[in-house]
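Labels for the chains are A, B, C, D and E, by order of writing; each one numbers its residues from 1.
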Amino acid sequence: MTALLVVALPLLGAAVALVGGHRRRLVAPAAACVSCGAAWVCSLLVAAAHLGDAAPAVVGPYVIGTGGIPLQASLYVDQLSASMLLLATTVAVLVQIYSVAYLRGDPRYPSYAALVSIFTASMALVVVADDLFVLLVGWEAMGACSYFLISHHWELEEARAGAVKAFVMTRLGDVGLLFGIFVAGDAAGSYRITDVVQAASSGGIGRTQATAATLLLLCGIVGKSAQFPLHSWLPDAMPGPTPISALIHAATMVAAGVYLLARLLPLFMLSATTMTVLAVIAAVTMLGGALMALAADDLKRVLAWSTVSQLAYMFAALSIGGYSAGVLHLLSHGAFKALLFLAAGSVIHAVGSQRLDSMGGLRSSMPVTFATMTVGFAALAGLPPFVGFFSKDAVLGVAGEAAFHGDAQARAWLVLVVGLVVEVLTAAYATRAWLMMFFGRRRSDVARAEPHESPWFMSGPLLVLAILSTLGGVAVVRPGFLGVAPEPFHAATALVSLLAVAVGVAFSASEWWRLDGHDPSRRLGPLRPALAAELGYDRALMSAVLSPVRVAMRTVVASESDVVEPYARGVGTGASWANRFLRWLHNGDLQRYVTAIVFGAVAVAVVVGIVQ
Amino acid sequence: MTQAVDWWAIAAPVCLVAAAVLALLLDAFVPKQSGALPCAVTLAGVAAALAVTAALRDSERAAFCLPSRLEEPVDCSWVVDRVALVWWVVALVACGLVALLLVPAVSEGEMPGGETYFLLLCSTAGALAVAAAHDLVTLVVAMETVSLPSFALVGLRRRPRRGAEAALKFFVTSVVATAITLLGISMVYGATGSVAAGAVATSVATSSAVRPLIGVGMVLTLVGLGFKVAAVPFQAWVPDTYVGAPVPVAAYLSVVSKTAGLAGVTIVVVRFFPPYADVWSPMLGVAAAVTMTVGNLAALLQRHAVRVLAWSSVAHVGFLLVPLAAGGGAADVGALQTYAAMYALVNLGAFSVVAAVSARGATLVSDYAGLVRREPLLGLALAFALLCLAGLPPGIVGLVAKVVIFRSAVDGGVTWLAVVMAANVALGLVYYLRFVATLVAPGPEGAISSPGDDHLHGLVPASVGFVISATLIGSVALSVWPAPLFAVLA
Amino acid sequence: MSSLVLDALVALPALGALLAAAVPASGHRLVWFSLGLSTVVLGLSIGAWVAVVDSGPGFHFESDASWIEPIGVRWTLGLDSLSAPLVVVTALLSWCCLVSLVRRAPDCGGSRQLAALVLLIEAGSIGTFVALDLIVFFVFFELVLIPMWFVIADWGDSHDAEGRRRAATRFLVVTVVGSALVLVAFLLLRSETGSFDLTVVADRVRRIDHGRQVAIAALLLVGFGAKVPVWPLHFWLPDAHSKAPTVGSVLLAGVLLKLGTYGLLRFWYDVVPAGALEVAPYLGGLGVVGIVYGALACLAQPDLKRMVAYSSIGHMGFVALAISTMTPQGLLAANFANVAHGAITGLLFFLVGGLKDRLGGTTFDTIGRGLYGRAPRLAALFAVAAMASLGLPGLAGFWGEMLTMLAAFSPNPALPQTTYLVLMALAGLGVVLTTGYFVVAVRRICQGVGPGDSLSDVASDEWLAWAPLVLVTVGLGVAPMAMLWSADGGASLVSAVLSR
Amino acid sequence: MSLVATLFVLLGGVAVGSALLVAVGTNLVHCALWLVVSLGALAGCFLLLAAEFVAWVQVLVYLGAVVVLLLFALMLTRAPTGSVPDLTGRNRVTAALTAVAAGGGLIVCFAAGFGSARIDVRGSDIGSPSSVGSTLFGSWVLPFELLSVVLLAALVGAIVVSRRQERD
Amino acid sequence: MPILYPLVVSSLLFATGTYVVMARRHAVLVLMGVELMLNAVNLNLVTFDAYWHDSLDSGQVLALFTIAIAAAEIGLGLAIVLLVFRSRSSINVDELRELADRDEAPTA
């Protein structure tokens, strides 16, 4: 029941913020922070009860007839959902607090706070839902909140465009998800996740059905988690307020795809096809994302591409059955990426620009931000002792294990090799961004006066997240809270990956040195503009999708105006012509009338006479 | 051997003729009278005839029987059965209402009192005779009894310029049609050697050698009747005549005269030529389809109010022919009569309002703008009548009558005709609704009979007002409780 | 149970319409009177719905009286879980329309006549939903046409008298042709079964030979399809909507279109299921074409009201697809989508009407950009309505579409399964396109930099008129079981029929 | 060919020929007179067909009354007595074609229906005034009475139509 | 005598009559055409009466009635013709166009 409160409380807060937010200035922030805080407390309670080897709890089901297989609205809390819940509410409450300062004076704050609260509730619903349709409700509600929040600055063209793109692309995936739910539910005879998983584990679902269901589900997952080929909305979603990027587009919503996959892993494991597809997608995405991040000029885009890439890491782990590795990286990424975004927000807040080349030398003026962000970058790059090192190690360790000993070795090798390459790249772009932001000369074209440290409302959450990113490694090494067996430390892969990180850092640092404080990615030469333009993928995709739609649209318009309308009008015109003709016939000439009578009589008589 | 006269069977037309003569004589001997007196005589005659009709309700009478050859069933010239009685009631009631509509014209000296009512009653007597006639000789004479007085009625106006033209057109076309009918009768006679219903039917059923001759004869016989009901291609006279005639006379032509024609068509196809159903049924089907389409299309953009009603009456003939096209069984004839009764009632309602408004000089539909607001009784009565004609609620009586016609078509297996009807119902709506919308719309300032103009406002003569109210009440009541209208079908 | 309830539901608005049109009192007072009456009807209908939900399958509140005995027509009314929600929606939308008339007289005046027409439409629609006699059904079906014609032709777009008349007439003509075909189908049923009574006909339908049943089902498809409107017969709808006044659009979309889908549901499922199975794939195909076609047309629309009108074609396409599956799920989905579309599109038309009142037009150019800034609440409501209309889970539109696709996923075993899978996939594509045009519309009018004028935001009477629809939209989205339960009874009825 | 037949052909030829002259003549009065010839010849035909009574009625009513009426009418309408070139309207071609079709159709129809059947009028008294009179009042009382109404109505109608004076 | 003789004569007369009615402009001539048509019918009736040896004399009786009707018609017809003449001094039937449907249709 406490889990239900996690869903309900933020909704309540949203309602209060919406209704009262415009009357009193303090109502909205108070409602938002308090409701999310209360939800956080509740999720702590839930987590306390369900982490470790505690038995899962089920609320419901509340059966809703559909004429066929019924919906069973029910909640399900186990270790996975408890930890996800904790992550989501923690980031949410930090973001709410952070936003109070970040959006100070913004007249749209009340609706913003309400949407964040609704989002939190939706995410919580996704996490605790036991029915696939209930999950879908939360899933798409998150999408809608994301849409509205991306377009928070709706006077900006790129915010509007990004919001539309994000929503339409994820919904495209969601249609697949919906159909996947149909197939899965049909195969399992129930839409409850527990039933589906049960059926999958006990062999109640055939291979074909499982492949169909999982491939369809994968569409939704790929869309939501911004994986290739539906990845391009996430970088474009960055015009949204930075706290939103931290919450939705880094820590929680985009990770929901990973969560769902982890949740349904037994079903996915039934289909080697799907897992191979997943591995390929993950490999392509993590490599591509990292490359884009290396070349991007915009700080938030760097982080966004990094998110894309890191999410692919999680999928890579799951594609070789690394349940705990995937989930652990999800949790750790949630912490350090939220930290990175919030810190980036702090920087942007101070500098007034998102472009990397307009920053530099911020080290001294923003010490807290510098320190916390350094922690974040270190975690991202996978430096020990930060949390990222451990979670990545878990992923690569699983991959290495599987590559040498498992039965899906091709997949595992792919993940392992690409994973290591991406390690290099990750370290390189993290170092590059870090150097460009905090070191070197301050750029003269910055409009603002001397940047200064952000208020405590903003730096407080940064500190909290920095602590989590620093100490979280402990939890990762002992993942018993997930109800899985402890992971042995993978010494071999850890060494290799440390080497990779070192290569990456060295690359960026040496180039930075060599170029005298200029962007190290210039070293990439002709590849750089192409990467900065994101390989033209987006434009190609848009024209590939939009031009047929445009053609179809024009066809429809033409058919309405040139076919349907003329015919509809033609009936009227024909009738009025007939009317004129008939009235012309009746021109008042008596003898014409008589002729008509005689002729008519003769004609009918002739016809009848011949017929007879 | 002289035929016995069954006075009771012919009492109704005799009442009418007696009243006619009385009206004529009163006109001659009572000078300076208004329209009220001859109208009263007429109504008395109609009432008496109705009383007789009511008394005959449960009996089927045959009179003026011909000596039978051999052992065949006796052929009678005059058969008063249930079908005929229904026609009688429709014709009589309509005649009474038309008589009331004529009062203002007579009172103002526009039409001569005694003669007008005399002609009206003679014509109606002819209509009754058509419905009861069971041999071709009686039928054709009865038809002429309907026609000849109505030629005169059309031309009866003090300013006869348009009336004369209308009368001449009506006359010539009608006479030609009659001649063709007579030719057809002569062919039937030539082929069968008889003119009586039973003998013709028997002979037609047995002789196959002369089928073309009989078929052609039957078709030509139907021409004159088709002219009376104004089926295409014999409809051309209708708009010109209706427009040129006094409005009450147009109402008479569109209701009583048409009823007589329908009765005649029914008798000819059902009583004389049942074995030729495979000929007349598709023929009437095509005629029905063409007639309703032509009528509706021609009415579509009409601006002249009477012409709209004229073409609408043509279109309704199409619907009326459908039950016969569907086979003309007892249920079909019932459907036909139901529809005809509905049509007579609401069409008279429409014509009565048009009569009242035309008396003030309105001719175009646009002259009726805002009638509902200025004179709600007139406006609503006309609007309701038009909706009934269109067959859309709130004119439920029209709708249900159409349902009955559709049912007849469907049961008779002429579903294609039902589909044509469907299109025509929609087509008809267009102009009926345009008319209704004009009635409801706010009228132009200074339009005819604006409220301030006391000369024109509220000048609905009592008799016309009575007809308007009676038809309105009748059609509203039948819309709420349509069962009585359909009692015919039971 | 008292059997006068349904008679009252029909008679109260009808008598109210007469009174409102006839009584010589001030127009304003009569609008209030109509509103009061409509409130009573609304309450009564909700009560009846609740009672029906409680009583399970079958018809309740049956009323049976002699009407046109000679042709076998009886005044039989009944309410089941299929019709009850539609009756409530009708009553609710009429109520909302009347509320919106209380303070805002139409430009051309005549608010009491308009109120009378609204009541008449309400009476006719409720009558159609509760009629159990084919002819009574038909009479009520036709009863709404003339009032709607007047609503469009007399209170419609004030800039285009000719156009609104034409639009009204086109609506009327298409519907009447359709309904005449329906009549033909009814009469075929009558001639085969000897009764006009729905239940009797349903009982005896097995006597009809199969080909005849197919013909009847096809006639019903074309006849009701013109009203729904199913794709190639939709051409009357955009004009009718774009020329109609707000009240007219709301009732047209929310109530009148439902007459068609209800008719199909009622007669295909209860009366000629065997024949319907033969033609159902065509309906499904046309429905899907309507979904995609409507969405593409919406994408190209420069006029918000026309866009909403075309969106109705898409939504009705979903209902058509649901009906065509010939399963209890399909019935549930169609019924749910009917109700949801009534509330959501009603709300959208109210909002568009509100914009039209403020800005004088509904083209995107007239409305301008940046409504979020100029009239935040109005814009937010529009965004919510758009989200609901594009089928966002958690709002009412989703469940209808989801259940429809679910039904198409497993259609009646007698139907071609693969075809339906393709139809389902295309419907999914339609969902994406729908999302596309709604977010583009939101982007076009709500977002961006506006002309800087400030519009009056949602007024209190508008809140009153719109709030019920918002509540229904959100309520049904959050708690779909409210509808699914009540319709379950109907579904079991249908499955009983289908399994015969 | 028998004598009767020969006579009939002659008389019929006269009737048709003079009817054609009515149809094409340019002088109104001549047309009326040709009509007299045609109807007179027709009366002769009736006689040959043993319809004695009808023949005499034909002579009385048509030749005695109707044609006179027509001549009066021509006079009253101040019809020109000379030749009028445009007595035939522009409709003539259509009219002629329709008429030919009608006539041809009728002949074909009769020929198909009766072929070579013959009339035998010998030895019957069917057409005598007494026989016709007895059937008329024995079997056809009803139409006869009805006819009286027609005639009365026509009389009154004719009077009342021509009595109205006012011009406009 | 072959029955076709009188039938052919009557057909030709009837055709001539219709031509007169359809083509001749003068109203009185039109009436003459009507007379021709009716007489053709009479010839038919009389012929068939003789052919069938009808004991009821239906043909002859109807012929008599037709003559009477024709007379009545011609009387009333001439009265109407005179009425037309008096109201407009012309009795050419093709000039009677006053009632024609001439008002312009509204543009739809």
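Miscellaneous remarks
Everything below uses one rule, namely that a contact is a pair of C-beta atoms (placed from the backbone, for glycine too) under 8 Å apart; a residue touches a chain by one contact, two chains touch by 3 or more.
These figures come from a predicted structure and were not determined experimentally.
Considering the contact criterion stated above, the chains in touch with chain D and with chain E alike are A, B.
Any chain touching chain B that also touches chain C appears here: A. Put simply, the chain nearest the middle, going by average C-alpha positions, is C.
Between the chain pairs A-D and A-C, more C-beta pairs are in contact across A-C.
With centres computed as the average of Cα coordinates, no chain lies farther from chain E than A.
Centroid distances built from C-alpha atoms place A farthest away from chain B. Taking the mean of the C-alpha atoms as each chain's centre, chain A and chain E sit 93 Å apart. Separating the centre of chain B from that of chain E, both taken as means of CA atoms, is a distance of 24 Å.
Spacing of chain C relative to chain D, judged by their CA centroids, is 70 angstrom. Distance between chain centres (mean CA atoms), chain A to chain B: 77 Å.
Looking at chain C, one finds that none of its residues touch two or more other chains. Each of the following residues of chain A touches two or more other chains: 572, 576, 579-580, 583, 586, 588-592, 594-595, 598-599, 601, 605, 609. In chain B, the residues touching two or more other chains are 66-67, 137, 141, 144, 148, 151-152, 155, 160-161, 167-169, 172, 176, 180, 183, 187, 190, 212, 216, 239-240, 301, 427, 430. A complete list of chain pairs in contact reads A-B, A-C, A-D, A-E, B-C, B-D, B-E, D-E. Interface residues of chain C, counted against chain B in their complex, comprise 66-71, 73, 124, 135, 138-140, 142-143, 145-146, 149-150, 153-154, 165, 169, 172-174, 176-177, 180-181, 183-184, 187-188, 190-191.
On the chain D side of its complex with chain E, the touching residues are 2, 4-5, 8-9, 12, 15-16, 19-20, 22-23, 28, 31-32, 35, 38-39, 42, 45-46, 48-51, 53-54, 57-58, 61-62, 65-66, 69-70, 72-74, 76-77, 79, 84, 86-92, 94-96, 98-100, 102-104, 106-107, 110-111, 114, 116-119, 121, 124, 126-127, 131-132, 135-136, 139-140, 143-144, 147, 150-151, 154-155, 157-159, 161-162, 164, 167-168.
Put simply, chain A touches chain C in their complex at residues 62, 64-68, 111, 133, 136-141, 144, 147-148, 151, 154-155, 160, 163-164, 167-168, 171-172, 175-176, 178-179, 182-183, 186, 549, 552-557, 560, 564-565, 567-568, 572. For chain E in complex with chain D, the residues that touch the partner chain are 1-20, 22-29, 31-33, 35-36, 39, 42-43, 46-47, 49-51, 53-57, 60-61, 63-65, 67-76, 78-83, 85-87, 91-94. Considering their complex, residues 18, 21-23, 93-94, 96-102, 105, 108 of chain E touch chain A.
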